[in-house]
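In the two complexes below, subunit A is the common chain; its partner is subunit B in one and subunit C in the other.
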Partner chain A sequence: MSTRGKISGNTPNPFASRRGLNQFNNRLFTLLVWVVGICTVLFICGLLFLILQKGLPKLEWSFLSGLPSEIEEGGGIGPTLFNSIYVLVISLVISIPLGMAAGIYLAEFAPDNKFIAFVRICVEGLASVPSIIFGLFGIAIFVEAFQIGLTILGGAVSLAFLNLPVLTRVTEEAIRAVPIEMKNASFALGGTHLQTILRVLIPVSLNSIITGICLVAGRAFGESAVIILTAGVTTSGEMWDFSLFSPGETLAVHLWYVQSEAIVPDATEIAEKAAAVLVFVVLLINVIFRVPLWLNARKTRV
Partner chain B sequence: MLEAPSSSVINNGVELGSSLKSGSGKAFDRKKRLSLYNKTFKVICIASAVFVCLILFTILFFMGRTGILTFDTVSPLTFFFSSEWAPENDQYGAFIFIFGTFALTFLTMLISVPLSVIIAVFLAEITPSWLKTMLRPVMDLLVGIPSVVYGFLGMTILIPMLRDLTGTSMGDGLLAAAIVLTIMVLPTISRITDDAIVAVPKKYRDASYALGATRFQTIVKVVLPAAKSGIMYAVILGMGRAIGETMAVVMVIGNTPQIADELFKPTSVLTSNIVMQISNVPFDSSWNYALYMMGFLLLVISLLMIVLVRLVQRKGVKS
Partner chain C sequence: MGTLIDIQSLNLYYGTFHALKDVSMDIPEKAITAFIGPSGCGKSTLLRTLNRMNDMIPGTRIEGQIAVGGTDIYSREVDVETLRKKVGMVFQQPNPFPKSIYDNVAYGPRLHGIRSKGKLDEIVETSLRSAALWGEVKDHLKRSALSLSGGQQQRLCIARALAVNPDILLMDEATSALDPISTLKIEELAQDLKDRYTIVMVTHNMHQAARVSNQTVFFLNGEVVEYSDTEKLFSNPRDQRTEDYISGRFG
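Let's turn to the complex of A and B:
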């Protein structure tokens, strides 16, 4: 746009100057994009590296398995780490079957009408509901209606509600992405709809579904707002407490609690280590599940 | 001689018939069984889908019902437009938090949208492919980093840094929260924008280059306008995430109920106020109802966003 003024001048070759300016703009733009892109990515990765580098070298087994302390130094994160995994597993056990079944319905059985379009908007809407709303909902149900207080069960179920819509959408999209020829081939061999779904559609789309589950698991592992409201900021103080009705502070909540509320003298160090463990586990969940799938995808492609 | 074969034929016929019958019987059983499985499976699937929808409506109902009780003691006008939040003295004006949420979201978008579009252009158009295959999974991993970790980083690194840079005594406030949120939503927005840019047909670019346009002109005047609806979608999603984010904001915003008219002034937003106060109040109090009303407000805002996304997508399909 700014070049328009220049060509109207009386230069002998109006295009020469314009071309030069365009080239200059182009170079400037490329440079800008490179600099901003590289800087931002490096900056964010640097932050993560900083977390891992600050916390991981100081990790000891006694920290990972030790009990947290309220007043003295040297508290561990054992019960919170256990609760994190326990809550995550329970929430996935609830949400994976439900979410997948709902996704399969939307992809395979659902008629194409206004009502189903409305259901899809509902699922999408639920996926965008802020996590704290699920926390408030959990309080209203478990603390108020059922009167069981802040428990692992409440936290896990609320977390499952948070995961459900995402799993539904991931499953639906994965199953829709399966080529129609595969489905037709299965029907041509006399497979029923159920057989087709279980033996053709799900195995073929498993890759995307597991990627989606990883995403959800990572999110659930690091989720804190829901847990603070529904499972509380304390643990039962024992290491292997499988009771569903004990308070269930998770690692992410502990990180917040130690950093902002607790009065232990070594709060910053505990927070640094807890943050490192948190990031490490989330990365691990993603890498462990994705690497075999990635290798598998490469193998089947060749 | 004749009888023997005929009898054997008859016998065969009988055997054949009976075997056919039993065969068909079995097949029928199997068919019945399979169709039963099919039907059961379908019913389970329908029930799950209904359940997912039901959750949304139960949440809307619970939040709305509890929230509406606020207006027994506080007039809606006071709740939405008064900036006096002192629950101890029965003053429930949520204007500070509503304003804070909008200001924070606006500021976050102001920083993050240009940055993420540049990063998306970088990922989709400029980088060599080896860097692309390396960077895309990294961005995907970044989406999954827990928000509380970002909050922790903001609290321990960003706020001291801001204090040193600006010389203010308090680093926490809108700007710190906006920076933390930017880092959080950046991977989300740029990855979706990246996908939208990749989805622009190659012929558009070819046509632009054939007309003698440089890469800059092609990207700014052809590719980005063509990917407009995808970019809008990404921005709205990022906005939804910024509005609903709780823990990262709680840790850097200062949590003081005062209006956010400066960048470095401890303030509070809807989410942070809910999470800081909800555990200390009895369920049957106006204070609690006011917090639920604020949650309901968040819920309505986030659902409106989805309607907006739908409209943008429909427009994108049409054009």
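Let's turn to the complex of A and C:
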């Protein structure tokens, strides 16, 4: 028979909301976080939409696969798109194993001394060096020391150097974040250090490592300074040119080139379409690299 | 009951800290031996010398001898991985890998080179049955081990340890993170397992030692104060310090 309202009756409710300054601050802060969050998301989505909306509708296959033109209208981006992917793949093939190996060394094997602490500071420093420095480094090695000129090889290796510190850092952090209990479990079952690294530490930290790889892959795909200095602003003029010693203008460089140097009449349109393709491919890279994680997660449903 | 583990005047140092002082004891096979004592008394340290997990702590130095089945486990010829296969361990916090239940149990056998699906299936089933977990998980072996409750996770860790077919099972406060009902299950499990395995357990909980163990060792400041049959140690301790500890006057 009792009604819930009765309980409080005439006595003041001990749980009544207190409208103190703390409550006010709490609400204000919550509101602020929401507003800033929504604005940021809107801004990013708007930016993406703008880039894609300007370029994507005008895209045709002939643009994606066509050769660039120097003077006339209607040039494509075929070889530069190919170079972008080719250079990216080579640079990742070089930098992922090296970066991961270095990261695993620092996390698992490196002694705890001043020299290693110094190495760590250097790696961190290198991770934030402007990319053009790596471009100059590439010139010094490939153009001046080896005298092979502006090539895909030079561009890819320089890009790999650019990404190496970030990958090393990301891998080290990810491996360190694996709880010691899991490592102990593997050792206690008679696992060797190598088995423990391969079967526990890397799989457990794979998510963070792949996030790191996505970051550097996206950065490498959009990188222009390093490529301009080491791979040049021209292509060999052929599609599917797998030679490592061809000049290797990439899509990002081409984008800069048409906008600033080229004399083709449809430069703006090419730039818009190329930008859309560039953004689209970066998004695609992020999706593709996550496929193994999804497959992995599906195998062990919680 | 023969002796399986024979410890002779063992001294262990972490850097300059003398953690175990002249410890000698015989641990019988196919029985439960419990190590009790206040925090920092060296009981876990001694446990971890038995499968050489202390090797991984830098600055650890050991003098004396530990023989398992007559072999000095600190001699140069001993392969640590093979030793750990024979001396399994269950930790304080349940620590399953973030893999499926099946893959957790199959982890050890796979490390040691068993590839055949049929053989692995068999090992997984026997181990989970031995750990009294089979009935609860047999229909979803592909689920993540992290979806299990704490008590189930700990029994999974026991199954994982049993899967490599050890002779000895070390339990390092294996129930201290669990609720009373899960604790009871693990204690019953230990009772069942002692017919086939030699169990050495470290426990903070004196009552647990009194309930499940055959022998009890009382440690204080890195020394063995008293080692006798559990019943005798709790009903009629020889040493005053043991009596003070088990009657709750300190610790």
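Assume the second predicted complex is superposed on the first by the 246 of 302 C-alpha atoms of A that agree within 3 Å, B and C clash if a C-alpha of one lies under 4 Å from a C-alpha of the other, contacts with A are read in each partner's own complex, and residues count from 1 in each chain.
Heads up, the rule we're going with is that a residue touches a chain if its C-beta (ideal position, glycine included) is under 8 Å from a C-beta of that chain, and two chains touch if they have at least 3 such contacts.
Since this is a predicted model, take the numbers as computed values, not measurements.
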Which superposed partner A:Ser91 touches (first subunit B, second subunit C, both, neither): neither
Which superposed partner A:Thr168 touches (first subunit B, second subunit C, both, neither): first
Partner chain in contact with A:Ser205 - subunit B first, subunit C second, else both or neither: neither
Which partner reaches more residues of subunit A (counting touched residues only), subunit B or subunit C: B
Touched partner set for A:Thr192, first subunit B, second subunit C, both or neither: both
Contacts of A:Ala271 with subunit B and subunit C, given as first, second, both or neither: first
First, second, both or neither for A:Ser224, with subunit B first and subunit C second: first
Which superposed partner A:Thr235 touches (first subunit B, second subunit C, both, neither): neither
On subunit A, positions contacted by subunit B and by subunit C: 192, 195
Interfacial residue positions of subunit C with respect to subunit A in the complex: 51, 53, 56, 81-85, 88-89, 91, 93, 95-100, 103, 107-108, 110-112, 142-147, 157, 160-161, 164
For the subunit A and subunit C complex, residues of the former touching the latter: 179, 181-182, 184-192, 195, 199-200, 203-204, 299-302
Complex contacts: residues of subunit A adjacent to subunit B: 22-23, 25-26, 28-30, 32-34, 36-37, 40-41, 44-45, 47-48, 50-51, 97-99, 101-102, 104-106, 108-110, 119, 121-126, 128-137, 139-141, 143-144, 161, 164-165, 168, 192-195, 197, 215, 218-219, 221-225, 228-229, 232-233, 252-253, 255-256, 259-260, 268, 271, 275, 278-279, 282-283, 286
Residue numbers on subunit B that touch subunit A, as the complex places them: 34-35, 37-38, 41-42, 44-49, 51-53, 55-59, 62-63, 66, 115, 118-119, 121-123, 126-127, 135, 138-139, 141-149, 151-153, 155-157, 183, 186-187, 214-217, 219-220, 237, 240, 243-247, 250-251, 271, 274-275, 278-279, 283, 291-292, 295, 298-299, 302-303, 305-307, 309-310
